[in-house]
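As written, the chains take the letters A, B, C, D and E, and residue 1 is the first residue of each chain.
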């Protein structure tokens, strides 16, 4: 970690300053927890801005099926955990890849792609990663319309 | 090679092995083991089968009304049901579930 | 006489192939603990083998995921007869806590014939020894296979 | 010509079904693939179909080894979401059990390292000494491995004075053994030959590939959630994060052994200083937290563990996300497995390297196809089995 | 005629050898277990004494599988040949009396040659099976051979040269112990090389379980595996017998006249047990080293030392 890490308030004000109206919502939920909502176009910009501020560690990518859209949440930060949320419509689930920003993000993107069908443009290996080889195409288990059931017994 | 000394001292040390099943080590008795069930206490409230995370409790009924049947082949010994039962009809024990050739033997009712 | 000798030899020399088919690891490490000095399953003549060709017993932990199913069957097929299958842990016995998971079978017996079940979540190493003993008795009687 | 040598999915290095595909030339690894989809069970989906209280026991079984980390994270997460006040003593007890689980996990790992470098006796002895911790776990929590100790609202059982005394005396003995093992790691020529310089991960790579836990700390990155984001009572319990900068498998071993000693100190301190009082707040078996979201992070034995929950006001989570430490460390592992420049990776190093991230694929269940060309080769086990199938 | 046959097949012939070999395997397993604070085999026979026998019978009674893609002839021939070769080699070694089952001038050299042939068979065995693991294992075995073969030979030849005889029974009959002074070096080299030859820790590189499952053995099952295991046990007997003969004075020991046929086998077993104990101690206190490290170790230290030892032994003699 280089130097001091920014505080919760610094994160919020920095983002508002850099992105202006693209920040739809930003709140400090509690100590060391910040939730930020940005529009889809500024998802990556927000992460770049945060990296400039010294928030340079991607903890996880979460996808949530929110009805008509899919929300993608990037958890960044070491001490302060910033959740940068954005929504992509189900009809056009695309986001720019974060691999050039964080090479280790590849796996996380593949997980979100496979479980929820969000395409990360620029990810070099967006291939099957977690599901069985014979999993049907276009079925995303973490979407709400997928009804889980056990496979047929062999005997 | 730094371990030579250690392994040689093992020759003169009592074996660490407990010769289970002939010998058994003393157990603290705190282990979450198989469940027991006291039919007479149960009032059939249904809390236990609603709370079980592993679907190990089958809702059943007999001449006295609704009652649970415990399938120990599914039970994960979380003891939620023991905690939740208002009549303490489900009994904790520190007995391990037995190894069996036929899992139908693992029913408690 | 000879048959009796062979049964004795089999029951005293159960070489184990151990595979995790989606378990949570707790049962795995308890099986490993059964190898450790406190329990020392080698007393029963059990050796852990890496190759299915050398093994007599397939010890399975975990509820069998879709992806692992074919491999499991293949490993089973590679084992020379007579072979035995032991389901270790609640999730191998019936699926247990993974009852709402879409990617698993509800227990090993949905996929392979099972000779001995050991419920427990996780099993204790003593239970693993119980299972080995039960299996050895069964083999000595000429059962299974 | 390269030769593809699949390691796994059934392979003694990993009882759990993982597939490492190695491209080897002679004895050197030139490319690596990891396919670990064999243990994906679909837990995140299943968590959406369980109530918060039931989900705890499923979360506990994401992984048996760091089940305590998972339950700590899950309970803190749900308590934060629902606004449940947890009694102070419960937090101290959680910390004690969590550190105990860390000791057990690291000892397990020491045994696996031993096994991986083919050191049978060390494996046996590490497992023998680990039994001490497991006995304590059983006495405190009621389970040797899967503890079922943390519940929403607190913990299930208290630690009385007699047990506390027993814990302290057992741990004092264990500590002597661990110091011995640390010396062994420092001195044994073969162990050193097998681990020093193996699996090199430079600090900048560790940063870029998002390594966590002992892997990051062995590459000189002092990142420990217990320091960076204290979640229990870590501010009140003194401890020093263990950081090495050798960036290799040996450093990771030393970090873990050092952490065992730290954890023992923490447990003893916590036993002496825990306040008395209630251990569990009453929580109904079915409850409905308000709509909202929460993120909790815990330092599991293998590194940062992250749980995210979103509630829509019903009795079941709307979405529950788990990011396990092994997943975070996989990109680093892949990069370590490849021979690059003058850094040569031998086949014999593979288990050591892969083992050095202490992988627990069961919670991770992911494939990393580095090179698709290998896929055709992967089916050689089929060929072997084909004859049996034909019969 | 019948006496001949009894001698060849029962005592001190094949049956005795097999029994002795199984006994040594049991000893080895028990000692290692004890060193690891465990019990080891326990239920098969008294204290697990019959465990190796149970393993053997069980394997013999298993289904025979030849994997697809295996070289059928080599796959069958290798285990048989391996067994025959080590058994013949062991027949030269005095195991029960001061004379081997067969004995001839220069038999020591024959034994060493047979050991080399056995190692080549390991290579063919691995190469004959279709699994990649076995092939890697076979290549590793061949690599290792280059490293320890010369020290093994030289440490034996050093003793033989200083004793001035190349006949094992003659050495055994002299009963002189050679583990002090110069010969301590030879003894150490022999033990290390033998450990490698037996593919035991820290040199079990060709069958490293963690890396390549069981190496060259991976595809063998049933009677083939049984023969390989038996061959391995007899090899253990052979090498400890060789060590006893060369360094520990053979089966000779104090004995009232006339009691030798009874006491000498016991002396032999006791001395062989001592060697096995040393083997087990090494196995129980080391980790496996890597192939390249092993080869470097051999060529940098073991081979030069063994040459020096040999030269000195010849000079002194």
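Basically, contacts are C-beta pairs under 8 Å (C-beta built on N, C-alpha and C of every residue); 3 or more make two chains touch, one makes a residue touch a chain.
No experiment lies behind these values; they were computed from the predicted model shown.
A.B. asks: Would you mind checking the shortest number of contact hops between chain A and chain E?
C.D. replies: The least step count works out to 2.
A.B. asks: Which neighbours does chain A have in common with chain B?
C.D. replies: C, D
A.B. asks: If you tally C-beta pairs in contact for every chain pair, which pair wins? Let me know.
C.D. replies: C-D
A.B. asks: Which chain's mean C-alpha position is the greatest distance from chain A's?
C.D. replies: When every chain centre is compared against chain A, the largest gap points to E.
A.B. asks: Centroid from C-alpha atoms only, then distance chain A to chain D, rounded to Å. What do you get?
C.D. replies: 24
A.B. asks: Measuring centre to centre with CA averages, how many angstrom lie between chain C and chain E?
C.D. replies: Result: the chain centres lie 33 Å from each other.
A.B. asks: Report the inter-centroid distance (CA atoms only) between chain B and chain D in whole Å.
C.D. replies: 26
A.B. asks: Do you know which chain C residues sit against two or more other chains?
C.D. replies: Correct list: 37-38, 40, 43, 50, 65, 67, 78, 95, 97, 99-104, 109, 121, 124.
A.B. asks: Among all residues of chain B, which ones touch two or more of the remaining chains?
C.D. replies: Answer for chain B, listing residues that touch two or more other chains: 1, 3, 6-7, 15-17, 19, 31, 53-54, 76-77.
A.B. asks: Identify all positions of chain A at which a residue touches two or more other chains, and write them in rising order.
C.D. replies: Counting only residues that touch two or more other chains, chain A contributes 131-133, 141, 146, 148.
A.B. asks: Each pair of chains that touch: what are they?
C.D. replies: All touching pairs, sorted by chain label, are A-C, A-D, B-C, B-D, B-E, C-D, C-E, D-E.
A.B. asks: Which residues of chain B touch chain D once you look at their complex with the stated criterion?
C.D. replies: Going through chain B, the ones touching chain D are 1-3, 6-7, 16, 27-28, 30-32, 47, 50-54, 76-80, 84.
A.B. asks: Can you list the residues on chain D that touch chain E in the complex?
C.D. replies: 3-5, 7, 11-13, 24, 27, 114-122, 124-125, 128, 188, 190-191, 193-194, 346-351, 380, 383-384, 386-388
A.B. asks: Quick check on the complex: what are the chain E residues that touch chain B?
C.D. replies: 34-39, 42, 281, 284-286
A.B. asks: In their complex, what parts of chain B are in touch with chain C?
C.D. replies: So the residues of chain B in touch with chain C come to 15-21, 31, 53-56, 71-77, 96-103, 106.
A.B. asks: Would you mind writing out the residues of chain D in touch with chain C in their complex?
C.D. replies: 9-12, 14-17, 37-43, 45-46, 49-50, 57-58, 61-65, 67, 108, 111, 124-125, 127-128, 130-131, 134, 143-146, 360, 362-363, 381-382, 384-385, 388-389
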